[in-house]
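Have a look at the structure that comes next, please.
Going in written order, the chains are labelled A, B, C, D, E, F, G, H, I, J, K and L, and every chain counts its residues from 1.
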Amino acid sequence: MKRILILNGPNLNLLGRREPEIYGHQSFEDFFEELQEEYPQVSLQYFQSNHEGELIDKLQEVGFSYYGIVFNPAGYTHTSVALCDTVKAISTAVVEVHISNIHERESFRHHSYIAAHAATSIIGKGLNGYRMGIDFLLSTKV
Amino acid sequence: MKRILILNGPNLNLLGRREPEIYGHQSFEDFFEELQEEYPQVSLQYFQSNHEGELIDKLQEVGFSYYGIVFNPAGYTHTSVALCDTVKAISTAVVEVHISNIHERESFRHHSYIAAHAATSIIGKGLNGYRMGIDFLLSTKV
Amino acid sequence: MKRILILNGPNLNLLGRREPEIYGHQSFEDFFEELQEEYPQVSLQYFQSNHEGELIDKLQEVGFSYYGIVFNPAGYTHTSVALCDTVKAISTAVVEVHISNIHERESFRHHSYIAAHAATSIIGKGLNGYRMGIDFLLSTKV
Amino acid sequence: MKRILILNGPNLNLLGRREPEIYGHQSFEDFFEELQEEYPQVSLQYFQSNHEGELIDKLQEVGFSYYGIVFNPAGYTHTSVALCDTVKAISTAVVEVHISNIHERESFRHHSYIAAHAATSIIGKGLNGYRMGIDFLLSTKV
Amino acid sequence: MKRILILNGPNLNLLGRREPEIYGHQSFEDFFEELQEEYPQVSLQYFQSNHEGELIDKLQEVGFSYYGIVFNPAGYTHTSVALCDTVKAISTAVVEVHISNIHERESFRHHSYIAAHAATSIIGKGLNGYRMGIDFLLSTKV
Amino acid sequence: MKRILILNGPNLNLLGRREPEIYGHQSFEDFFEELQEEYPQVSLQYFQSNHEGELIDKLQEVGFSYYGIVFNPAGYTHTSVALCDTVKAISTAVVEVHISNIHERESFRHHSYIAAHAATSIIGKGLNGYRMGIDFLLSTKV
Amino acid sequence: MKRILILNGPNLNLLGRREPEIYGHQSFEDFFEELQEEYPQVSLQYFQSNHEGELIDKLQEVGFSYYGIVFNPAGYTHTSVALCDTVKAISTAVVEVHISNIHERESFRHHSYIAAHAATSIIGKGLNGYRMGIDFLLSTKV
Amino acid sequence: MKRILILNGPNLNLLGRREPEIYGHQSFEDFFEELQEEYPQVSLQYFQSNHEGELIDKLQEVGFSYYGIVFNPAGYTHTSVALCDTVKAISTAVVEVHISNIHERESFRHHSYIAAHAATSIIGKGLNGYRMGIDFLLSTKV
Amino acid sequence: MKRILILNGPNLNLLGRREPEIYGHQSFEDFFEELQEEYPQVSLQYFQSNHEGELIDKLQEVGFSYYGIVFNPAGYTHTSVALCDTVKAISTAVVEVHISNIHERESFRHHSYIAAHAATSIIGKGLNGYRMGIDFLLSTKV
Amino acid sequence: MKRILILNGPNLNLLGRREPEIYGHQSFEDFFEELQEEYPQVSLQYFQSNHEGELIDKLQEVGFSYYGIVFNPAGYTHTSVALCDTVKAISTAVVEVHISNIHERESFRHHSYIAAHAATSIIGKGLNGYRMGIDFLLSTKV
Amino acid sequence: MKRILILNGPNLNLLGRREPEIYGHQSFEDFFEELQEEYPQVSLQYFQSNHEGELIDKLQEVGFSYYGIVFNPAGYTHTSVALCDTVKAISTAVVEVHISNIHERESFRHHSYIAAHAATSIIGKGLNGYRMGIDFLLSTKV
Amino acid sequence: MKRILILNGPNLNLLGRREPEIYGHQSFEDFFEELQEEYPQVSLQYFQSNHEGELIDKLQEVGFSYYGIVFNPAGYTHTSVALCDTVKAISTAVVEVHISNIHERESFRHHSYIAAHAATSIIGKGLNGYRMGIDFLLSTKV
């Protein structure tokens, strides 16, 4: 069975807890369970960390054996040359996902160090972007 | 049958003619025929123009009725606010495709006016990027 | 009878069709008919194109004989040195109009290549800006 | 009777005195008298100050009751966020006027903090720009 | 009794008058009376000016004898090196206050010439920021 | 009893050890004990880490229940969008503190990603800045 | 007989019509006839367009068979990545010509996207630059 | 008798009062009396203001009749286009003086709007710079 | 025996595994064993981490007692002010090493936050740079 | 007989000696002899210097009497305002030549101070660029 | 007798020879003889070089013994850190002179590396600037 | 015997003469004699010039035969592309040395054109940096 990692960067663990009247009460863990049910043909894994280094560790750990990675680097998108190097170094395809449209926020969020080496970038489609990322990995020959 | 437009910007009509010892002798028209055979379940259309205005016209023409658009804006990627506005205005999903990795070329090719409003961006995967774009449109709920 | 051209740039032909719940169902053609009724003393013309070159052609065509031009260059405002040169070259006065306040949108929309050679610039007054442009031309000695 | 204020920023009081062989011997006060005669249907007022604060005071004083303001901010055009805020805050329409073409002078004169909130901007039409400003206010529904 | 000056820069005198449906009908003078009642143990003074020079004069006047200054420089925050020098020169502690979050507005409002020499900066807390400024001065040993 | 966290970023654990002839022999731990004695009415906590991720973890851990946080992000002040997002996401008020005046050091230290979402910023007051931060939290209604 | 194309970009068709007291009454068509007489040994062609796309089309059309192209891209010089790509792609040598010295005009005219792939660039020699371009093509082995 | 104005900008009135252990207890007024004694052959005047507008007023007042002006614009040096225009407009020679070396301070102090139109600029010579300014005016034919 | 730490930043643990046809099959651990044999007179230690914080921890741990540190900060070179501060704070000499020539790669790799406080910087000498770093430490009086 | 100077800037004297496996063993002196044989109708001179000043001296020496100059300024192309001034001052036509395509190298090599005043610029044509330069001078009326 | 050196940088030796219809037929040597006659009380020396190094040599040679130096660095003004260092290092006062107003020419001429360490800078006064420089040195106590 | 050249750029010949109370009375020549005594096993040469061209000449002269070069380019570090090219072209290893920490001085001294091609860069170690450079060359295999 194909293994795909959903990898979330800093502060995404606050979903469901932060301003729930706006973002809803659903945590990412709950959403992830939905994803697992929607994709029974895939072995979906989930990992979140606020640590740049742990994200690099995890990418290296699965990056030579998994089928694909759906990665939301959150705040590290714009500042991490180290993550840029990891995504370039591993052989597993990485789909970059951002929940909101980073191009419509502050200018320091417009540039992504990850995009140059991602298989594709899905921006501003809300949580559905994760589904689109999985679909992309399953349907295309990267 | 779902209609998908393959839309190519300036100079992509030179494929097969320009430095064939490097890029091969296959024209994009020939490649397009291959695509049509690979995707019999889709009504694939092809349009190429060197004119910014004709690309806008075509996006507007199909952009409220087609299922999806795979768009390689070529040189207009980096300079056209008008195309940026069109992609934002239409309701059909647009997948941005670049054959080469624009992030590894001259710095004036690093920025895309299209990316902020594209469903996804596929960069540096060669002609296979067009297949990935079609697969993405067919497999995801944009 | 004084001839005044209303000249619209790219994507303005989508008015009434694009997000009608926000922008309303009135097309620019309908609005133009209203204008003609409001200004019976003027021979009002209307031309829209998504093509930078056709906008230049039209400016050159009327730019030595018409009484005035009300010009919304839309996306070309920020990128076209060629249109800048045309507006400078012709003898007919050009009023630049933008429906929304370009200074309150993305930073790449803050600069206008047209403003330096326009008779005046009317920004962010909605469709009424076209009326203001006609009034300006009729009331002032440019 | 409609009241319109002609408001002049720093150094415009030197007109007629500074390099008269170039700019002529006519002072702005003399020119203002001409304007008053040309527009008998308007109550034209005139105020000039070299003080940024006095210009703000005056704009606030008339900015909720006058019909319009024709404002040449001169050197403060390019440096005053405070004046930018005042023009935005008041309800009377402000027409920005510059005698010379600021886009053809030093680069620090190319940007205007006033333009974003002015009803329109008239640049490089000489003293006639003041007439155009009055005409614009009288003829348009801002 | 400790003397504290509330010092307001340009356009803050329009509070209660400018867009009252948004900002309310309360003027800053009214709010200041509330403050005086809330802090009976302090001799609170209030001064507002649209003139950069008068703000400097006032800072110099009280800046060697008062207990503290709560200063909202408004539009001069981003443009005044002269005020920067004054705040640095005087010995009384200055708390910088901005009603709105200047970091979420236009980019020319992101930089403050005052912050480097203020005792602290309170940004985006509405009128309550003035209270916080007084509290800060009363509670801390600057 | 109100809980307040003193949170220190990278290299602040070297205090007392690094150039003691300049910075003194007192470690931050010793200084923290002084603080605890000075504020018996508060439950003061202390946490230091050189890890960006651990600082985010800690902010999230206490950021919905503590009364306040006094945070010196040190070197991460200028580079961490992730910490910027955390400070924005949590509901506990954060006071940003810098021992030295970052505006008087290298230009890459002039910008703070934290300031836009901090309750206030206290810069260049030495270790006393921590006291001022606690005082601020205790005395003001953030 | 060697074929050489004289290719003119936007607004160059206004020669002879625009400010004739300065630029003279000779149109480019008239000048082109002179050129044909001066170079009887060459098959000289002339094409002008205000359309970026038509210039690309024409370059592609003759760019693999003609002996040389003398190209004045006018306003597109500074904004067209698409033309840059075309000049690079074709095999016929292109001489870039500008009538005026673009380095002595506005700063946005200082950079040329064409120069990097032109055989040579002739700037600021008036109409004689076209002769120099033809001479260059005839005399050198590009 | 030749009249020379010593004109001082914002905060220079604090001399002798601000950090006297560093700058000494002598006020500028005292220093000015010394200057008057040193130059009995000149009618020396002194004017200081914290107001940009008053500095402009004064420059205009004496700028067509005095023999020379020694001007320390202080904080307005780096921000005032209006003063730049005044210095250019008047006919009296202006010597720009800065007590400290502005090139060795913060980068926003490196540029002077006054220098382009001053007769000369004397930087970083302490109070002696005023003497040098007077000497320069007396000894040279500007 | 002198202790020298070889400290490697993110992704350098992939050596021998990433594109082995290019970089070879030798891991850094294997190379480190070679180094130990080459320098029997030194107690060589090796530490690698993908975590910015762990690199800081390690530098602090050995930075007051070891003889020297050979440090390849990899991706953190260009983004870490925190590491910059650590290298400055410790007393042990640090030699910065980069395997490839960072000046010949993307522009965001041209600047090093470490260089200003390193004893020396060795760039683009491949793995031999580590030897050069050890030699430098052993041969020079830093 | 027409005199033409071939003028070479710094490091071009290393040709034939530097990386001969790439650049070949032919020195520029040898190549120059070939040129002399190819152009018997011209008095060709050759001068090379690593000194900016000697290049200026030589340009001044021949720049009012020679027929033309083919000038490769090498590293001084991008840094020398002094050479820019010389090329502008002399009356002999100067053809700028660069062996490699400076637009495809580091960004600091993209700008040429010489181009604005050269008769033409030939870039990236290898040693043949010198022939093209001579041909250009012989065939055109500069 | 006081010794003063007039030191001229590159291309100033062309005076009288370059565009004599504009600049006149007088060489700088002739003008220097006039100066010597005008200042019989001074031992005036003259040195000109196109070589940056020779200018440095000369400044060092006289810079510890002469009374003053009047220096026009011409094109090196804007590019020479080395000359900046020399002017700072020597003890003789240096007056910077520019014949034309460098602030009104190309933007790369606006910055002077010399100004920060010159006794004063005289700009745009024609050849008279040299007289003003001598007068300044003779009349002031630098 | 290995030959190593100590090469010094502009103004370094002033050592011992310039501000001796700060830099001491020792000239570089004296220091060089010390170095020769310290390294009897090496044939140490010394050359200093204020001329960019002479430094290039010398680098070329010894750059294919000497064992190493210790080079302090002084002011040319930041401005000389020509020296950058020479260091790249020669085969002898070059160690870049700066006596002071260029990263802690003006921002125009932060960038080095030499560093990209130097074997290593030693910054801010005083005269000892020269020793470190020699040690580096003797101890490492560049």
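Following the convention adopted for this analysis, a contact is a pair of C-beta atoms (placed from the backbone, for glycine too) under 8 Å apart; a residue touches a chain by one contact, two chains touch by 3 or more.
Bear in mind that the values here come from a model prediction, so they are computed numbers and not experimental data.
> For the homomeric pair chain B and chain C, should the interface be classed as same or different, according to whether the shared residue numbers exceed half of all numbers used?
Answer different: the two copies use largely distinct residue numbers here.
> Assuming a repeat means more than half of the contact pairs shared by residue number, which candidate in B-C, C-D or A-B repeats B-G?
Overlap exceeds half of the contact pairs only for B-C.
> Centre to centre, by mean C-alpha position, how many angstrom separate chain H and chain K?
So the centre of chain H lies 25 Å away from the centre of chain K.
> Just the number, please: Cα centre separation of chain I and chain K in whole Å.
About 50 Å, centre to centre.
> How many Å are there between the centre of chain A and the centre of chain E, using C-alpha atoms for each centre?
44
> Give me the residues of chain G that touch two or more other chains.
Expected reply: 51-54, 79, 107.
> Going by the contact rule set out above, which residues of chain E touch chain D in the complex?
9-11, 13-14, 17-18, 49-54, 74-79, 108-109
> Can you list the residues on chain G that touch chain J in the complex?
Of all residues in chain G, those touching chain J are 101, 103-104, 115-116, 119-123, 125, 128, 131-132, 135-136, 138-142.
> Contact residues on chain H for chain D in the complex?
51-54, 56-57, 60, 64, 79-86, 89-90
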